[in-house]
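Presented sequentially are two complexes of chain A, the first with chain B as partner and the second with chain C.
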Partner chain A sequence: METSKKAKWLTEKRRTALSAYLFISPFFILFAIFGLFPMIFSFYLSFFRWDGLNPMTFNGFKNFEFIFNDPVFYSSIKNTFIIGIMGTLPQIIIAILIAFALNSTLIRFRNTFRTMIFLPYITSIVAVAIIFGVVFNNQPFGFANYILSFFDVGPIRWDAEYWPVKIAIATMVFWRWVGYNTIIFLAGMQSIPKELYEAAKMDGATLSQQIRLITLPMLKPITMFVVFTATIGSFQLFTEPLIFLGRNLREEGITMVAYLWRDAFVYNSFGTASAAAIVLFLIIITLTAINLWITNRIGRSKKIS
Partner chain B sequence: MKKFLRLTATTVLALSVLAACGGNENTNGDGGDTDNAGDDTTSETIGDGDIELVFWEFGNTGYDKLIEEYVEENPNVTINLQNSDMNDLHDNLFTSISAGTGAPDITMIEEAQIERYRNAEHAFTNLYDLGAEEVSENYLDWVWQNGENADGDFLFGLPTDIGPTVMFYRTDVFEEAGFDSSPEAVSDLVATWDDFENVAKEIQEKTGKQMVDGAELVYNARRDQATEQYFNTDDELIVEEHNQISDAYNYVASLLDQDLIGNIPLWTPEWFAGMDEGSYATMLAPAWMQGVIKDNSPEEGVWSLTTMPEGAGNWGGSYLTVPAESEHPEEAYKFIEWLTAPEQQLKAFLDYGLFPSAPAVYEMPEFLEYEDSYFGGAPVAQIFSEAAEAVVPVYKGRNYYPVDGEVKEAIDNVAAGSDPQEEWEAALVRMERILDRQ
Partner chain C sequence: MAAKKEVGEGKFSLNKVLVYLFLITGSLVSLFPFYYMFVMATRLNREINSVPPPFTPGTHLVENFQKVTSNIDFFGAMWNSFFVSTTITIGTLFLCSLAGYTFAKLEFKGKNVLFVMILVTMMVPPQLGLIPQYYIITTLGWLNDFKALIIPGLINAFGIFWMRQYIKESVPFEMIEAAKIDGCSNFRIYWNIVVPMTLPAFATLGIIVFMHVWNDFLWPLVVLRDPSMHTLQVALRALNDSRQMDYGMIMSGTFWATVPLLIVFLLFNRLFIQSLSEGAVKS
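Right, the complex of A and B next:
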C-alpha cells in the first residue's frame, strides 16, 4: 500500500518537474550562498556596530545617521554620477561610430581591428591602472602633463585636483569599456538587413543620413542594453579609483563602492559600510526603475507609430 | 584561407595577451616571491610527525630551510608552510578571525597590520600563558612591547625581523657640496634636525639639489622618534595634546615651503629612477631599503649610510602569532620560540637579509663581520644595530594607519601649495570622522 502510494506520488509529470528543478538547482544554491545571504546579512549588519573582530552591538539607525552627516558620502555619490556620465556617455557615442566603421565594407583587416578594439577589455585592470598612473602622473614629465606643457598648462596633480581626478578615472573607464560596447553594437549592426542600406543608397542617402535614419533606430534595443549595463557598471566603479588613488581614497575621487569598501576594510567599520551599501542599493533600484519606465515608453510609442 | 589565417593570427595574439595577464602560475614552491602581486599560494609540507602545524608566511623568508632543521630535531611535528602575498595573507587572516574558523596554527603578521588586531585578544593565544616571559630578555624592549597589548599582560606574537631606519646618503652629492662624505663625518654634520635643515640649505645653494625627494620619508622619520604619537593607550586621539606630531608636520611643511625637499610619491617608477640619478642627497629609510637601492642604483660606492639625526625609527618587520583556534598551541609556541631565537635570526639575516630583533645577534662575530662593499665599506651592521637600539617604544593603536594616511594627504596638499595650517585642521577633522565611525 505504502509503495503504491509513493509510486502514485511520483507521477511522470512530477518526475520531470523534479529533475528540472534538480538541473537548475546549482544556480539557486550558489546564488543563495554567495548572493542572497550576503545581501540579507548586509541589511542586518547596517543596524549594528561591528569591527569585524568583536561581537556586534545593535545601534539602530546610527549608521545611517552617520553616513548622512558625512560630507564625504555625498561627495562619493556626486563623484560616482560625474565619473559615470563622463566615462559612459562619450564612450557609447564613440563605440557606435567605431562599430559602424568596422561594419562597413570599406575598411580592410576588419577582423584584426575587431580583435584589437576588444583587447583593452581583457587586459588586467591592475595593469591598466598602473599604465594610466604613468600617463596621468603629477610630475611635469608625466605623459599628460608633458603634452599639456606645450599649451602652457602647468603640471596638473591628476590624483588630487577636483576635475583632473575625475577626468583621469573616466578616461580609464572609457578606454577599458569602449571595445566591449563596440563589439556589442557591431553584433547589433550585423543583424540589420543590408537591403535597408542598399535601398537608402539608391535613394541617394548620405553616410550621416544612413547612420541617423537606419542604424540608430534599428539599434534601439542594443543601445538600451548597453545603457543599462553601463549605468550599473558605473555605479559599481571601484578598482580604478582604488588603484589610482591608493587606500586612502581622497575625497576628490572616491566613488560609492570605494567609500563603503574603505569603511569596511580600512576603517573596520562594517556597520556604516553596510548602511552605505543599502543606500547605494536603493539608488540603483530607483535608477533601474526609471530606466525601465523610459524603455517601456519608448517601446510603446514605437508600436503606435 | 587567407581570412582563416588572419583570424588565427588575431586569436593567438588575443590569447597571448590573456595569458600574460593571467599572472604567473609557475611558482615551484621555493618560498614564494615578494614581487608577485598575484593570489598564488604555495604550500609545502615538511616532516612526517603526527602533529601538523599550518604556518602562514609572506615574503621571502627562507623559513623552509629552518623548518627542515626543526623537524629533524622534533620528529613529532609536521609543518605545513603556506606562503602567500602579504596583503592576501592579512585579508585571509582577518576573514578567518571574523568568521571564527579557518585560521592557521601559526601566522606571521606584519608590524603595521598587527595594529588592526589590537582589540581582538580573544582571537589569539596569549603567549605569556605558554611561557614567553622567559624569552622576553632576548629581544629589544620596543619590539617586544609592540607585540603586547596596551596593558602589557597579553602577548600577541614573538618578533622575527625589524626595520630600523637610518640615513642613506649620496656621497657624490655631499662631496659636490664640499662636505666630507665619510659616514662618521656625515653623522656629525647632520646630528640634529636643525642641522639637517641647514645642510639641506647649503646643498641647495651649492648644487641646486634637494635633501630628500619624498616628503613622506622626512615626516615618518620625525614621527617615529616621537614618544607619543596619535593615540594614548585608551585609543583616544591625542595629537592636539602634545606637539610631537604637529612639530613633525610643521617641520616637513617648512622644508617643503623652502623647496628643500621634494614630493615624489614612494614606489612609483620615477621614485625608483631618482635613486640612480643623484638628484637628491639623502633617503631616510629602513634596513631593508638597501636591497631596493641596490637594485635601482647598481653602481658601488655612490650610496653610503649613517645614523639618522636624533635617533631612529622602525619601519617594517613581523611577528609570529598563534591564533586561538589552533589545536596545538604548545607545539606551535615551541616552534616559533625556536624560529625567533637569536641563532635562527642570525641565519635569516645572513641568508635573506632579515634584520634581527634579538640584540644578542648584534654581538655575534658573523653579524659584525657583515660588511658591504656596495656602501663603500661603511660599518653597515653596526650602524643598523645602533639604530635598532635607538628606537623609542610608542603605542600606535588600531586606528593608527588610517589616521596617519590623513596626515600624508595633508602633506601632499601642502607640497602642492596649500596652506599648512588649514591642511592640518582639515586633517584633524578627517581623523575625527574616522574615529566617529567606531
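Right, the complex of A and C next:
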C-alpha cells in the first residue's frame, strides 16, 4: 500500500502464502490418499484378478469380458436407469407443484406444511427401506397388498417380480426425496422478484400464463441443479435394494453399485468389481457431460464468482 | 389494494380449497410411514401378520424394544453413531472453515486452480474408489476402527465451498487488515475474527454434516465388521437381516433410531431447511 512498507510487504506475502498452503493441505493430502489414489488404483485393479488375499494376477480385459457377458450386469444397468427415471421424474414434477402451492401467498400454515413434507428427507435410507419393506410385504397382510385387495389385485410378490420390485424401490426414492426437492424449488421461487408477477398481472396475464412465462423459465437453473443431483443420486442407489432384497440382491432389483458391492464384498472378486466401477464411472461422466452441455445451451448457468 | 385483494380472493377460493387439499394429502403421505412404523413398533408379530393389518397403536412398545436390545447392542450402536458423527462434524467444520477462509481472504499462487480442483472432486462418484479405499484401510490396520470412518470423512469439498462463500460475504477486508497491522498471524485472524463472525455458517454446515454422517450406510457397512463397532444404520440392517422376521421388533428398532433425529430436526427446523435451500441456490 504505502511505499514505506514495501520491503516488509514481500516477506509478509510469502508468509501468507505459506500459511495458506498449510491451511488447505489437509484436504489435498486426505483427498490424495482416500480419493485420488483409490480412483487410479481402481483402473489398475480392473485389469487384474484378485480376491483380496492372494497375489494379483494380470488378467487383461477378461474382467470386462466377464461383466459384459454377465446378464445380471446388464440387468443392473437397466434397473438403475428404470428405477432412476421412475423415482426421479414424478418426484420433480410433484415437487414443483407442491413448491408452487406453498409459494402462494394465500396459504396459511406454510411452515407446518413445509416441515411435514420435508420430514422424510432427514430419515436414514436404511430406516426408509425397512419401513417400506414392511409396507411392500409379499403377504396378504402387507399394507400395499391389503390396499390392492380392495381392487381384487394381488397379493403381489413385491421383492421378486420384475415391475413390482422396481415400483417398490422407486417409491422409497420418491418418498424420501420429494420434500427435499420441494424446499429447493421453493427457495428458487422465492428468489423470483415479485415485481415480475405484478407487472404481468397488470398486463392481464392469467395464472397459467404467469406459471408458464415467469415461474418456469426463472426456475431453470434450479431445475437443472435438481435434475443434476437426482441423476447422480440415482446412479448411487444401493441401500434401498440391499435392505429391501437382502444380500443376495435378486436380478429384478440389483443396481450398479449393488452389483459392484456384491462382487467385491460377497464374492471377493475385486477385479470384476473394479471393472464394474469403471463402467459406472464412464456412464456417470457421460451423463454429467450431457447434463452440462444441456445446461450451457439452455441458459447461462450461474458461474461461481 | 383492498379492492384487488377482494377480487383475488373471490377468484381463487375454489383454487384455495384445492391447494389446501393437495398440501394436506402431501403431508399425510409424508407422515404416514412414520405413523405406520410407530403402529408396527407397538404390535406383536402375530397381530401384524393378520388380515387386515393393524392401523392403530397396540400395547407392546416396551416388549418390542426389549427384543431389539436382546438382538443388537442398540445403545452401543447409538453411542457409536453419536461419537463418529460428532467427531467428523467438529473436524470437518474446523478444516472446511480454515480452508474456506484461506480461499476467501488470503492471496497465494495457484489459488484459483486449487479451488477449481476442489470443486471438481465433488463430481466424482464416491463408489468408484470403494475397493482400493477398503484395501488402504486394511493395510493401515483400521478395519473395525472408527479412524476408518473419521479420517476419510474429513474431506468435504462442499463444506469448503460453503464456508468460502460465507466468509467472503460476511468478513470485511478492513477488519483483517486492521488485525494484520496489529501483528496478528493468519491463524489468529482466523481464530479470533473469522470464527466468531461466521458462527451461523458453522451451525448450518454442522447440521448438514452431522445428518449425512449419521445416516451414512455403505462405507460403515464395508469397514465395520465387528458388531460392537456397528453404527446405528449398520446395526439396523443386521436386525433386519436376522432369521426370524419379527416385524414388531424390527420396526421398534427403526422407530427408536429415527426418534433422536426427528427431535433434533424439530428443534432446528428453520435453520435446517434454510441451510439446505441456501446451499442449493448458491451452488
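Throughout what follows, the second predicted complex is superposed on the first by the 283 of 305 C-alpha atoms of A that agree within 3 Å, B and C clash if a C-alpha of one lies under 4 Å from a C-alpha of the other, contacts with A are read in each partner's own complex, and residues count from 1 in each chain.
Criterion: a residue touches a chain if its C-beta (ideal position, glycine included) is under 8 Å from a C-beta of that chain, and two chains touch if they have at least 3 such contacts.
In this text the structure is predicted, and so the values were computed from the model without any measurement.
K.L.:
Mind checking the superposed model to see whether chain B and chain C fit together on chain A or clash?
P.N.:
clash
K.L.:
Quick check for you: in the superposed arrangement, does A:103 touch first (chain B), second (chain C), both or neither?
P.N.:
Neither partner.
K.L.:
Does chain B (first) or chain C (second) touch A:247, or do both, or does neither?
P.N.:
After superposition on chain A, A:247 lies in contact with both partners, chain B and chain C.
K.L.:
With the two complexes superposed on chain A, say which partner A:115 touches: chain B (first), chain C (second), both, or neither.
P.N.:
both
K.L.:
Would you check which partner chain A:223 touches, where first means chain B only, second means chain C only, and both and neither mean what they say?
P.N.:
In the superposition, A:223 contacts neither chain B nor chain C.
K.L.:
When the two structures are overlaid on chain A, which partner does A:171 contact: first (chain B), second (chain C), both, or neither?
P.N.:
neither
K.L.:
Answer with first, second, both or neither: which of chain B and chain C does A:75 touch in the superposed model?
P.N.:
Neither chain B nor chain C is touched by A:75.
K.L.:
Pick one for A:160: touches chain B only (first), chain C only (second), both, or neither.
P.N.:
Touch status of A:160: first partner only.
K.L.:
Is A:52 in contact with chain B, with chain C, with both, or with neither (first, second, both, neither)?
P.N.:
In the superposed model, A:52 contacts both chain B and chain C.
K.L.:
By residue count, which of the two partners contacts chain A more extensively, chain B or chain C?
P.N.:
C
K.L.:
Which partner does A:91 contact after superposing on A: first (chain B), second (chain C), both, neither?
P.N.:
In the superposition, A:91 contacts neither chain B nor chain C.
K.L.:
Quick one: from 22-30, 58-66, 76-84 or 166-174, give me the piece of chain C that collides with chain B in the overlay.
P.N.:
It is 76-84; the other listed stretches have no clashes.
K.L.:
Would you mind listing the overlap between the chain B footprint and the chain C footprint on chain A?
P.N.:
Residues 52, 111, 114-116, 118-119, 122-124, 126-127, 133-134, 139, 141, 247, 265 of chain A touch both chain B and chain C.
K.L.:
In the complex, go through chain C and note every residue touching chain A.
P.N.:
Against chain A, chain C makes touches at 8-9, 12, 15-16, 19-20, 22-23, 26-27, 29-31, 33-34, 36-37, 40, 48-53, 95, 98-99, 101-103, 106-109, 111, 114, 118-119, 121, 123-136, 151-152, 154-155, 157, 160, 180, 185-187, 190, 211, 214-215, 217-218, 222, 232-233, 236-237, 240-241, 247, 250-251, 254, 257-258, 261-262, 265-266, 269-270, 272-273, 276-278, 280-281, 283.
K.L.:
Applying the document's contact rule, which stretches of chain B touch chain A when the two form their complex?
P.N.:
Those in contact with chain A are residues 3, 6-7, 9-11, 13-14, 17-18, 21, 23, 37, 91, 94, 97-98, 116-117, 119-120, 122-123, 264-265, 268-270, 398-399, 402, 405-406, 408-409, 412-413, 416, 433-434, 436-438.
K.L.:
Enumerate the contact residues on chain A facing chain C in the complex.
P.N.:
Spelled out, the residues of chain A in touch with chain C are 12-13, 15-17, 19-21, 23-24, 26-28, 30-31, 33-35, 37-39, 41-42, 45, 52, 94, 97-98, 101-102, 104, 106-107, 111, 113-120, 122-128, 130-135, 139-143, 146, 175, 179-180, 183-184, 186-188, 191, 207, 222, 225, 232, 235-236, 238-239, 242-243, 246-247, 257, 260-261, 264-265, 270, 273-274, 277-278, 280-281, 284, 288, 304.
K.L.:
Tell me, which parts of chain A touch chain B in their complex?
P.N.:
Listed in rising order, the residues are 49, 51-54, 66, 70, 72, 109, 111-112, 114-116, 118-119, 122-124, 126-127, 133-134, 137-139, 141, 157, 160, 247-248, 250, 263, 265-269, 272.
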